[in-house]
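All chains are identified by letter, namely A, B, C and D, in their written order; residue positions are counted from 1 within each chain.
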Amino acid sequence: MNKVVKDASEAIKGMESGQTLMLGGFGLCGIPENTIKALVASELKDLTCISNNAGVDNFGLGALLRKHQIKKMVSSYVGENKEFERQMLSGELEVDLVPQGTLAERIRAGGAGIPAFYVPAGYGTEVGEGKESREFNGKMHLLEHALTADFAVIKAWKGDAMGNLIFRETANNFNQPMAMAGKITIAEVEELVPAGELDPNQIHTPGVFVQRIFQGVDYEKRIEFETVRE
Amino acid sequence: MNKVVKDASEAIKGMESGQTLMLGGFGLCGIPENTIKALVASELKDLTCISNNAGVDNFGLGALLRKHQIKKMVSSYVGENKEFERQMLSGELEVDLVPQGTLAERIRAGGAGIPAFYVPAGYGTEVGEGKESREFNGKMHLLEHALTADFAVIKAWKGDAMGNLIFRETANNFNQPMAMAGKITIAEVEELVPAGELDPNQIHTPGVFVQRIFQGVDYEKRIEFETVRE
Amino acid sequence: MSLDKNGIAKRIAQELQDGYYVNLGIGIPTLVANYVPDGMDVVLQSENGLLGIGPFPEKGKADADLINAGKQTVTTIAGSSFFDSSLSFAMIRGGHIDLTVLGAFEVTDKGDISSWKIPGKMVKGMGGAMDLVAAAKNIIVATTHTDRNGNPKLKAACSLPLTGVNCVKKIVSDLAVIEITEKGFKLLERAPGVSVEEIVEKTGAPLVIDGEIPEMQI
Amino acid sequence: MSLDKNGIAKRIAQELQDGYYVNLGIGIPTLVANYVPDGMDVVLQSENGLLGIGPFPEKGKADADLINAGKQTVTTIAGSSFFDSSLSFAMIRGGHIDLTVLGAFEVTDKGDISSWKIPGKMVKGMGGAMDLVAAAKNIIVATTHTDRNGNPKLKAACSLPLTGVNCVKKIVSDLAVIEITEKGFKLLERAPGVSVEEIVEKTGAPLVIDGEIPEMQI
């Protein structure tokens, strides 16, 4: 079951303006750099992007924002991005802010066939406005709904031709749940190996969740805040 | 953060009759053999046991059943066990049969602070009787509630002193979700190593979920149906 | 002549498509693995936590940690992966499995299925069957057309506790291939040498029969 | 004299207990890691998927794949583990984290907190703060007692959008340690040289003051 495609531009074939994408990464850590570049080079627009963050001004999703290809962002934290803030405050960009844990769980639920579930996060805040609430174990909870996407675009460390993925360190973050929630999941990896080379006990994302995979090139892996010991 | 205890009898200290236990394993694969033996050797009774299966007549949970230490079983499949069937049909044993995927998810939810969620499994069957149902995406779903336990008793392949666990092959099964759902989680492992020896990228169960850990002895690892190529 | 277990499995194998992820239930469904067409890439999922089931192990090489959902010792193929039960059913419930094949006590012309309990007699539990039938995109039942006493297993209503409703898409029995349509059971194929009349007689609900019914090619 | 950031962090470190799993928010809370008492075993969780945060890396050894929730490069301790965001918040939401320390714009005497949005001015998002405050067993807010303009941050009601309600258990500010009780703010300790009167004056809601209020020992 060979799911290997040549590169990012082949991987995004069939994507259409107006679709919903999930994009993995936390800040600039573990973002699908190659595929984002291909998106920026494309004519796609009016995209709804589900991503924990929105990159920085000139890198990651920030580059898509600058080109005005994004109509709506679903995120938990969008600091570190002035153009984002500008588009949001001016109303050019629709923004749905979701608590980070709820966001991760809604994505996992989308992949796991769980249409809705209850969580305590956000009860009593504006996040809970208009949502059903209910008490469990003496505590109020909100009903939250699953998220899915036309395409999930993720980045892993190693992958094989069947789509099995292994993540590295904190570059896993949203990539693993998003892999489950895309109708088509595109995985770019730093190292692509033939099926059978990865230890089946160590697979983070089984290949069934991945439809297209390729080895990325020229990873910058930018660091947002390089902090060192004194 | 050293969580190492000497053996199974030290691990079950504080357990009380009438409590709810989760026990990992699928059939006889990946069951916590040492701890089950300690339970059988104990005077504990009226236990509620949440376990996908009930062992076989003379091994695994079957041994606890024979000693009438179990008041109620929450399981998905209880074949391969005549004494179980006898106790169930005679009414000596209370049995709550739960679809396997719903069981796994209720356990994960218990560990993840999700009190309830919707699944399609069981709608229109006796599993759905008395449960809230609701339509999502044109399909009917049941509201299912989280499960937790006073003690989760699980078996892993390798573990470290901080409680980090790695499972092997299909011996993972219910052990990983149950690790999350015990107020106290007891992990027995085939190989116990000092903290720092396991690759942090390969941990299946982070140590935060485990309160007591020990290296088991004399694993039988019985096979229920040894099938070989002709 | 009615098909034997392997015949049913062979016919079901014709439903496979390249690139399919498939869950095979215990019994006849498991045999389908033996008849995957050469050169076709099909990955078998086992709900106890394995994607990429291989053949049974060689003698003396069985591994207690490596079993299928029927608790039989198995092996893995290249590119397999292991995972816990909650992820396994996330896969199933989330619609990532293309085809599920399972056995049944009874199936109705509405696609209802009973397979896990005979009140007062036998209760082994539903295992993963309820999750599978509630979620899989395509469900084929592998069964004998009648039970040991000759009573139809394909009926207008299940007499036994249900496993799922409106879920079965197709039935492959020892006598016929039957699709479940809006109009009920539709006869697609008959086993070699089995007459349409025999199938009609042994089916407990009306059959839609459009034109000539071909013999199965197995 | 009011405490500086490190002083606040030092005082909060006294709240740690052996065996605690702790989530430290961005800003002052992060500094708490520097003051874990010698010999005390505390494991720090970072909600982006790391249990067992170590110190910042040595110069030239920063790894882009290894960051904390504040996107700073970090290292790991022996016995650390990595995981995805859904498991990370399962840990948090499931009550497996013993203590959460975070910053705030405002805190009320009912334990409500606002920390993520200033309408019309600043919206960075709530990140994981709403999940943390809704779930953690014990929540301590690290903050200055007043804002830049000298207005109280400890109040009877939040004027800014809420992060959570009835969740904060304790506040450690540059002036005082205050517990949130059924009767509202209760003054436990004052910063060295700071008078009870000054604390009362700079707090925007009544303070319960029982007997002599000791100075912090830091």
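Methods note: a contact is a pair of C-beta atoms (placed from the backbone, for glycine too) under 8 Å apart; a residue touches a chain by one contact, two chains touch by 3 or more.
Remember, predicted model here, so these are calculated numbers, not experimental data.
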Shared chain contacts [subunit B and subunit C, defined touch]: A
Of A-D and B-D, pair with higher C-beta contact tally: A-D
Chain centre separation (subunit A, subunit C; CA means) in Å: 36
Gap in Å, rounded to a whole number, between the CA centres of subunit D and subunit A: 28
Distance between chain centroids, defined by C-alpha means - subunit C, subunit D (Å): 55
Touching two or more other chains - residues of subunit B: 105, 108, 112-114, 119-120, 167-169, 200-201
Subunit D: positions in contact with at least two other chains: 82-83, 89-90, 92-93, 135
Full enumeration of touching chain pairs: A-B, A-C, A-D, B-C, B-D
Subunit A-touching residues of subunit D, taken from the complex the two chains share: 46-50, 55-74, 82-86, 88-90, 92-93, 112, 120, 122-131, 134-135, 161-166
Contacting residues of subunit A [partner subunit C, same complex]: 1-2, 108, 110-114, 160-162, 164, 180, 194-196, 200-201, 203, 206-209
Parts of subunit A lying in touch with subunit D, wherever the complex brings them together: 26-30, 52, 75-80, 85, 88-89, 95, 97, 99-105, 107-108, 119-127, 157, 167-177, 204, 221-229
Contact set on subunit D toward subunit B in their complex: 19, 21, 41, 43, 45, 51-52, 76, 78-83, 87, 89-97, 135
List of subunit A residues in touch with subunit B within their complex: 105, 109, 112-120, 136-137, 141, 166-169, 200-202
